[in-house]
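Shared between the two complexes below is chain A, which has chain B as its partner in the first and chain C in the second.
So, the complex of A and B:
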């Protein structure tokens, strides 16, 4: 059992010896770098439509890889590589902002419900159940049709506002056991108030599982963004996102399968990276793991 | 790695598919040089048939079976003739010209001016009905009263015919249309059946009357048959007056036709029958065509269109023909900043129509104005807007928008082609400083909004012909009388008194040359005023099997298989 430090030396050692976790961390690092520096690497403006023969045939058929367009063009004559690089940023932004929002809500609901128990717990947990029971896609479609078009802010608001429930429940469970521990009893005995106990003594102890859930959560949100954009409810055109690229490529899936395979592979690899990282972090924080 | 393998596998699969297509059709026709008789033509559509009731059916798919089974007083020339939209007598023997005279109004007794047409019916024309109602013969003569009844049935409010207003120039028609319950006439005095003649009396001139009489709404029908089957029964039961009759009809599955042995013009019909499969999804329809289960295919998906469209071996078997329509964006002239003509013209200069056409898989033809080539009255000399972003920018500056502005741009969707065009329009407008936000609405919502004033400042719009006459485009879309707060056919709320005057004059002008000139003038004024960005006319693409002969898309009937022939048996190539 650990107390205090989020990532103590033993945990760090466990993490660095976990090969899949390192691979995950590596993938995440690369994707982050691409998202940050991608726009500098992109050979073209991702939204510019090219009408020359190496981009679109006379009938409007997208062209395969060439020196000018290393991954070819899409059905609107845009550079697939440039869109992929810019799309990395959108996917990560959505993933990170939505996770931040979900953590913000879930963490506090979990802390309050777990610490105060009784009526507070009952109200907050029933509310959580309600959100959990609400059909996600229906909500998104309702929001999208109410707004006539969607923006990136809509996307991460919807994802964040519906995606915090697991976080809330896990943290609550953790807090329920933490609040009975000796160090909490001791703090209370020396006269610490509820606020101080929650912030100073309980919060640092749930940051471990929060980190794990957040990194797995990012993966989930990247996938959800892809689903939304695939349904045409995601980022507004002409903005590139991996999900939007899938959506735009689907009508040509036999003729130009690369238009869905390329963004699809990007999504799979990134999600895998975040999941491996999350697993690794969980193993590292697991006090029962005696390795190292 | 896994992704790379997947990529390679998919590319290989795609390669295989393209290879078999690139070889062209595997079978060719028997090689006959003159038309041979026999065979059944097979094709599929991706929807069902809404109605077989000639006075009710109005959509493209319902018109197919009606066109194979029903004739009218006048009809279009054969599809392969050089002037396929020219009218010729069909069940009538003559093409009457309006005779202007004065007569006493049969109800009020006043002297009124009328325009009279006398049609003389062909001898020996019959209805063919192999499963007749009890007490009726299989073959029954067609008489003038059957045409009178057909038109009256359109006018009768009980029928709810979409053609009701088409015939309102006929004497007594407005009274019939206004009938409530038993208050009002059930017959129009402007329709007189006598001997072998049908006389049509108009109370105002209608240069489009002949086209309306060529529509299936005016095909003859017996009151006894309507009484026997009732309106619902007529949705699924037909009595033939044309080259084919229905042998079986499974709703939403299949409808089959056989050659009418009693048809008056049976020598010009080569097919034994037609087999029309219903509710076949577009992709499946293409597969059926490739498996030689159908003889012709249309409405191909984007990828089928692209894969077959660029194959040299398939080119002789592809049909591309203009569809009589106009697509583009319309402005709402009641909304700022589109009350300013300069802003509208700036949009017209800024949008690159050649680029749009390139995005369209060969299904789009850049437009200069509303009237498409192939429509009578089309003006090749019309001054349109060339792509000129500099001029567009200058006009925007002049109108007081040096920094451009932000604007919602409403399209319908999800639709791959529409969305791609929207992207191109968005990019073109960004170049002159107008920042468009694309908003996608479902079709019914979009339609209701764009036909209302003050809802959609700038958005997609389109019009497809009802009959081949310029009034069908220019008058409906741009005459100020068709403006309305909601349900406005003139959806841009455009109004120009000079245009109204020209359109009104053309509507009653019986000299075709003068009439065309009036429409040319009106169209130029409309294009100069720029209530729309006229973007493109669509091109239909079909593929045929090598043995389907003398087939061409018809401007009105679209898929006219009446006069085709099959060069069978087919043989491997």
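So, the complex of A and C:
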């Protein structure tokens, strides 16, 4: 069984003594719980327009916080708190699935390029450079605008398929140094094949940096989803996502700044949580690396 | 062949191959768009002769592979085609917009360096003290803020509430219109630069040559500026090059939010209106900037740091 970097006791102790990392882990835990149980906690249906219940003023202006609507209502008379809770699920789902896809691609490209070096490395890394040179946001927007009916699956597919490059480069760097280590040479000396060396000896040792990249990756993809939704190309309306709430709220931001402040703060806090968690994990796995 | 020549040659060749890859991907992307160029360019009720002529001109009467060859050939000759909507050559539209984007990009990078680098140095010299904690936390917050949210906040506070700057681009008030979008674009960069400089400075201040400089009796300022900061700036030079390359292609979100008449806004407009030649043109120009920036940075890096091997 694997008992490498992730379960390292010393790493765990370093992590639990790192206050910012714990704050990050706490934020992530709370957001995860909200995403899972949000629909149960939400006071209203997130898409229901409450015209009768004083949700809008006589002039059609969204109402501020009240007992009925704790965070007020939006321009369509919908409960902001309920939309925020349902939106948490969308943001996290996109972030997690896109990261899973990006890790799946980046990890293997990094492992193969770093282990086999030479032509394999050259081809894979040049390919990575090419993907990096493509203006990714333009590609994402084009693909998004081509879809007949957008869905969340499209959003995370597009983000994951373009967002693996950093992952690939970092993992390759780690593998390049790992493959020269004594334990790898020992495995080779006793006759282990390439596949076995990669899976049993190298892979467990890059899982630490991979969790770091994944945590930072989720943060980045949540931002990207918000950007797409902000351009009106994210999850289809009326489904709530934090980016979509900002998009809908921006036309009224002078009248009701709350409509952009609430979803904006939700994005910043969540992304900050994942960034803090990722940084804490990196400090725990690699205490020598004091950078950043 | 001297190593520098073969290094440059190899890097240049890769840049060309990368651009070819981008052209191919852009072609496939545009091909998948559901728009019939003949209908868009000729308007309603064109004669069959007109359609045939245009199809021949754009190689639309041939196979996919032939269209691709035709497309690559035209681009190699510098012909980016005619915009569907503006009925103007794409190259002309891009030439018109690129100046505005360049102004914004250069201002933003200027702000990143001017604010980010001193903050990083300050944090490193006050390591683990109040100033350091404040700068590091602020940096993380900056990195976690979506560009458009930061921009909306700046718009609300400085544009709407205080009324210091125009809301969106205003003709005739270019400098005032520039401030908010430039700061919006710089938020993430300031955060990233300060973090990089801080990390580098902390590491460098522990090096032997810094101790030697201090032992020689040099002033703290001389040690920090002449010996430490000079070396800490190498990665920043790389970042400046890459950021400038990426931003010159058009900052889509910021330009869209502030209605800044640059390449990024043009790109979004072209996608929304399915203007195939304009999409391709903006994608190609943006990629070309990234590829050139990468090339320049690699060469600069080799020149700045003699330890970089020319392999």
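Here, the second predicted complex is superposed on the first by the 278 of 292 C-alpha atoms of A that agree within 3 Å, B and C clash if a C-alpha of one lies under 4 Å from a C-alpha of the other, contacts with A are read in each partner's own complex, and residues count from 1 in each chain.
Criterion: contacts are C-beta pairs under 8 Å (C-beta built on N, C-alpha and C of every residue); 3 or more make two chains touch, one makes a residue touch a chain.
Values in this document were obtained by computation on a predicted structure and should not be read as measured data.
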Using the touch definition from the top, say if A:186 reaches chain B (first), chain C (second), both or neither. neither
Taking the superposition as given, does A:142 touch the first partner, chain B, the second, chain C, both, or neither? second
Is A:253 touching the first partner chain B, the second partner chain C, both, or neither of them? both
Is A:130 contacted by the first partner chain B, the second partner chain C, both or neither? second
Return first, second, both or neither, reflecting whether A:219 touches chain B, chain C, both chains, or no partner chain. second
Tell me the contact category for A:29 with respect to chain B and chain C: first, second, both or neither. neither
Identify the partner contact of A:268: answer first if only chain B is touched, second if only chain C is, both if each is, neither if none is. both
Figure out whether A:238 sits in contact with chain B (first) or chain C (second), or with both, or with neither. first
Tell me which partner A:47 touches in the superposition: chain B (first), chain C (second), both or neither. first
Chain A contact set shared between chain B and chain C covers 253-254, 257, 264, 268
In the complex, the residues of chain C that touch chain A are 14, 17-19, 21-22, 25, 29, 32-34, 140-141, 143-149, 152-153, 155-156, 160, 195-196, 199-200, 202-203, 249, 252-253, 256, 267-268, 271-272, 274, 279, 282-283, 286-287, 290-291, 294
Given the complex, residues on chain A that touch chain B span 47-49, 51, 56-61, 75-77, 148-149, 232, 236-238, 248, 251-258, 261, 264-265, 268-269
Please name which positions on chain B make contact with chain A in the complex. 3, 6-7, 10-11, 13-14, 17, 301-303, 305-307, 309-310, 355, 358-362, 408, 413-414, 416, 419-420, 422-424, 426-427, 437-441
Chain C partner, complex, touching residues on chain A are 126, 129-130, 132-135, 137-139, 141-143, 145-146, 219, 223, 226-227, 230-231, 243, 246, 250, 253-254, 257, 260, 264, 267-268, 271-272, 275-276, 279, 290-292
